[in-house]
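Presented sequentially are two complexes of subunit A, the first with subunit B as partner and the second with subunit C.
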Partner chain A sequence: MPVALRYGLLVAAVLVAALMSLTIGQRTDVGLHNVLQLLFVDDGSLARSAVVDLRLPRTLVAALVGVNLGLAGLALQAVTRNSLASESVLGINQGAALGVAIAAVMPSLMIVSFDVMAIIGAMLAGLVTFSIAGGLSGRLDSMRLILAGVTVGAFSFAFVRFAFTLEDNISRLVLSWTAADISSSTYGQALPLIWWALGGVAVSAFMAHSFNLLALGDGASQGLGVDPRRLRLMGAGLAAILTGASVAAAGPVMFVGLVMPHLCRLWFGNNHRLLVPAVALGGAGLVLLADVISKLVRFPYETPLGIICALIGAPYFLYATLRARNMS
Partner chain B sequence: MSGATASSPRLNPALSRSIAIVAVLVVAVIVAAMWSISVGAVPIRTEVIINTLFNLDGEQQTYIVMRSRVPRTLIALLAGGALALSGAIIQGVIRNPLASPNIIGINSGAALFALGMVLFFPKVPETWMPLAACIGGIAAASIVMFVSHVRSLTVIHLALVGVAVGFVFESGVDYLLVVNTDRETSAAMIWLTGSLWGRTWAHVGMSWLPLLALSAVALVLSYRLDLVSLGEGVATGLGLNVPRQRLLLLFVATLLASVAVAVVGVMGFIGLMAPHIARRMVGGAHRLMLPTSALVGMLLVVLADAMGRAINPPLEISAGILAALIGAPFFIYIMVTTASERDE
Partner chain C sequence: MTLKSWLAALGGALILSTVPALGVEITHDLGTTDVPDNPQRIVVLEYSFVDTLAAIGVVPVGIADDNDRPSIVPAYTEIIGDDWTSVGLRREPSLEIIASLNPDLIIADTSRHEAVYGALSEIAPTIVFDSLTGTYEVALDAAKTIAHALGKDAEIDARLAEHTTKMEGYKAEIGDMSGWSAQFIVDNGQGIFLHSPVSYNGSLLAWFGFKSNMPTPDGHTYPEAIVNTSLEQLSEINPQIIIRGKYTDPGLTDSWKGQPLWENVAAVQKGNVYDVIAHNWSRLRGVLASEGSAADPVEIVKQLKQERAAGVRVAPRGRLMAPLTRRCAPPSPAEGRRGPDCGALYVMAFSWRMKPSVAGSGSAGCGDAVRAMLTEGPLIRPSGTFSHKGRRRDCGAFCAMVDSARHCREPLGWSRRCR
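Right, the complex of A and B next:
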């Protein structure tokens, strides 16, 4: 299948998923027949308001979180040369959640916005994971990387739960936030994500060639003019920033960064120049699909997005583990 | 290292040093246990505790000491020792210092089954939760061992499969918690954070025998653990049926951790940290390292539980969380400084 056709199919899938995400909801008077009309023509009706004010920001958040997390996972898999790496497996997602939790519980510590707190948390968690895996001495051990990431993630999440036990009256909110419930998303959450996502795509595309060279090995890439340590730092930093921005907006959505790069590699091969747009589109499609499922599973009740992603992603991780037989 | 010299007629310095360390640990555990009995919503003086425990003349506090503090402290000792032993065995078998009972899915499996029991069988009394948790832990670990045995995976893959199975069970826990927000899940939630709140003699009664028996088995197996942790090639060369021994050791570790998790809830970091501390103190020979590790685990859990009660009485902070809070910086320090030492 030519590459253009594959991209075309992906775009079509994203559009269909977005349309479904906009169409499905508790109001049955909004359907496929009138959703586009409601979206573009302001007739002042409640149905229009349901589409534009309630569903559209949510659909946007789902799609953009998907783009960010997918690209974060791609960057991490590239710099670690490990197809099981991703922000949730390496503890970066949970670190970002810890940053947000600390900001929420102790407002006096919050000198910067939620986004930045999440990014700081993500970076610290990533730094600890990479240091434990030997990243500082330049020799990354795959096994240690995964185990360290799982441990850092578990530590961070224990602290997230603990931080919230300090504050009794927000416990309901917390449960829905740690499960990444995006049903009450606003434009205030969606709009900053657009910039993060655009920046993420641009920087990833810029780094794609270096990622390709790094895949040849540290020595070879050095010979071809790429400093592996610097690239590793930049790739992990990019992943931490994209993850932090997503977690601040939607809560910790797990496994998107693992599943999408993995699937895209099967379909598009290992050239990162092709993978960056594919993963961005695929990530958006996957989270939109998860959003649709989250509305349908217990209709008319909703199931938080994070739960759906975990229920899809965890078995996929198991599958990917059994597939990855030739880990170094 | 130090344990292997026992055959020499005179005690060498390394061994006597290790014995001194173990003696100090034993004293520390006793002191910590006394402190744990004395702190809480009603502070109790040491002399009153001793009067009560040994039924001496003078002031006694039978109700609080015997009904609440002593069983709780005993549970902390039993569970701390069991979790640490289990962690030490698993680290030896997987041959990776980052392994712990957590990574073969025990905690997540136990959590899922305990929560499932509370939600789906509300009529079953809560005292059955330990049993459900124990079955869950064994189920998760069995899946891991079965998959890796059938596909004859290396230990590295066994650990990865364990992580993956843990994730699967955990997503199930999250799903149950979120879907049942209106139902009574608070008992399960407290249990999930690893608390020793409200432990009674019933918990001691159901756990002491299996835990002590399993600990004894673990100590008997310590020599085989030494061999297995030399690596597959060497151990096979020395005449060991490595896959079978590995399975046996993991089975013992699973039972230890499952029973412990069943009575104290998810306390994931003890099994990770205690073996490290023990290894630093007495070296890697398991004959000495296993008991040391158990003592360190006891000390950690008893201290964490006592501190949780001492910080802000009458409120309590979960022992599991305190242990993680205290242990995390230390753990990160050890792991980062040893990152480049190990070749594998």
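Right, the complex of A and C next:
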């Protein structure tokens, strides 16, 4: 299949998933037959308001979170040269969650905003994971990387869970947030994500060639003019920023960053120049699909997005682990 | 007699002497428990059990009060006093503190404490009732059973008789509301939670005769009783009356102001969104609690009827108007802004309940002010003016605006120029 056709199919899948996400909801006066008309023509009806004011920001958040997390996972898998690496396995997701939980529990510690707290948390968690794994000295040990990620993730999430034991209101707030409930997303959350996602795509595309070289090994890539240590730092930093921004908007959505690069590699091969747009599209499609499922599982009530993503992602993680013959 | 029969007799005597002579067997949600006769040291792990003890005048030694003593409201502390120990969160009470209180009876909640029931039972006999997800009727039944366990059957019967009279009185005052759908919602700033027909508040509103537009769920789990939902779902349920308990101010619902979906909810459109005290409505359940919250629907219906009888806005009549009308006439809607002397007080104290869209958002403090006016007679209304943030303000209006009824009744600390 030519590459262009594959991209075309992927774009079509994302559009269909987005349309489904916009169509499905509690109001009965929105259906496939009129959703596009409602989206583009302002007829002042309540159905139009439901689509544009409530569902569109939510669909945007789902798609953009998918883009960000997919790219973060791709960058992490590239710089660690480990196909099991992803922001949730390396504890970055949980670190971002910790940042937001701290901001929610102790508002006085909130330095700037939820976004920034989440990014700081994600960066710190990533830094700790990488330094435990020996990444700062230039030699990454894959086994240690995964174990360090698990440790950092468990440690961060222990603190998030601590918030559950606090007073009812704080715990419900943190709980609904850690379950990644995006049902009341607003444009205020969706618009910043657009910039993060655009930046993520641009930087990833810029780094794609270096990722390809790094795949040849540290020595070879250095010989070809790429400093593996600097690239690792930049890749991990990019992943932390993208994860942090997503977590601040939607909560810790797990496993997207793990699943999507994997699937895309099966379909597009190992060339990161092709993978970057594919993973961005695929991530958007996957989270949109999860969003659709989250609305249908307990219709007319909603199931948080994070739970659906974990239900999709965890079995895949198991599958990938079993298939990975060699951890390094 | 053989040695064997002697031993058997001795053993029997021993057993008889260790088993308490009296005691009562209580069947509850998680089994059957022998409650010792006349328990003295009782620990309760939900607010509704505090309610029951208050109803029969029994003082608990320990209460799971979420580490927040004021959460045990004056209606309870007037009866049970302040001499109890906090045993921590209702969700996760401290077993250590409970054990240190050396209780002889623990009353726990089915869904919250099922996991620790074994541990609690080791500390003391534990009886368990569905408070969190139970209905109004379940709460009354639990009260009866608890009173029976404490040997206070006569007291609870008398109290329930009084309760029934009171509630029937309220119901009669409310009248036939079968054409009106009412919905209680909690707004915690992040999301809204609808109390469904199988929840305590849903069943209480149904008992008063209000309709519910929410589908009745099959089960009684927490997410079925207290449904976390979105504006879109609310717009589909489309209740004619919204009774709103806000834990934060401004709440999430306030951020929806101006959105067509919110403005077109029947209750919002007609100005029938009424704020109540979130804690009292959403957390307190039982005999005293229902009598307390019954005042709200009674008041709401009174205003609905007045509104319908006299058009859009109605000047409050009767004894409440006396201390206010003497100095100035209530303003017309157009003059509401220009007559700060008692117009602001009037708008704040009366109209926010009738017409929130005209009066602006009513804060919980003003709810207190109105409730106090309605139940305890006129407030002390400070006279004079003072300067605040560069603007000259009327003491009375400002007091009603920023302070709760309590402060209005007490000498005011915030400006010496107000008397």
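Odds and ends about this structure:
Definition applied: the second predicted complex is superposed on the first by the 322 of 328 C-alpha atoms of A that agree within 3 Å, B and C clash if a C-alpha of one lies under 4 Å from a C-alpha of the other, contacts with A are read in each partner's own complex, and residues count from 1 in each chain.
The rule we apply is simple: a contact is a pair of C-beta atoms (placed from the backbone, for glycine too) under 8 Å apart; a residue touches a chain by one contact, two chains touch by 3 or more.
The structure presented is a predicted model; accordingly, all values stated were derived computationally and were not measured.
Using the contact criterion defined above for the overlaid structures, shared-chain residue A:Thr151 touches subunit B, although it does not reach subunit C. Of the two partner chains placed by the overlay, only subunit C lies in contact with A:Leu54; subunit B stays clear of it. When the two structures are aligned on the shared chain, A:Arg27 is found in touch with subunit C, with no touch to subunit B. In the superposed pair of complexes, A:Ser184 makes contact with subunit C only, with no contact to subunit B.
In the superposed model, A:Gln222 lies in contact with neither subunit B nor subunit C.
Between subunit B and subunit C, it is B that contacts the larger number of residues in subunit A. Of the two partner chains placed by the overlay, only subunit C lies in contact with A:Leu46; subunit B stays clear of it.
Overlap of the subunit B and subunit C interfaces on subunit A comprises residues 165, 172, 176. On the subunit A side of its complex with subunit C, the touching residues are 25-28, 44, 46, 49-50, 53-55, 165, 167-169, 171-173, 176-177, 181, 183-184, 300-302.
Every residue of subunit A that touches subunit B in the complex is listed here, in rising order: 84, 89, 128, 131-134, 136-137, 139, 141, 143-144, 146-148, 150-151, 154-155, 158-159, 161-162, 165, 172, 175-176, 179, 254-255, 298, 303-304, 306-307, 310-311, 313-315, 317-318, 320-322, 324-325, 327. Taken in their complex, subunit C has these residues touching subunit A: 66-68, 89-92, 188-191, 215, 223, 227-233, 235-236, 247, 252, 259-261, 264. Of all residues in subunit B, only 96, 98-100, 102-103, 147, 151, 156-157, 159-161, 163-168, 170-172, 174-175, 177-179, 181, 193, 268-269, 272, 317-318, 320-321, 324-325, 328, 331-332, 335-336, 339-340, 344 touch subunit A in the complex they form.
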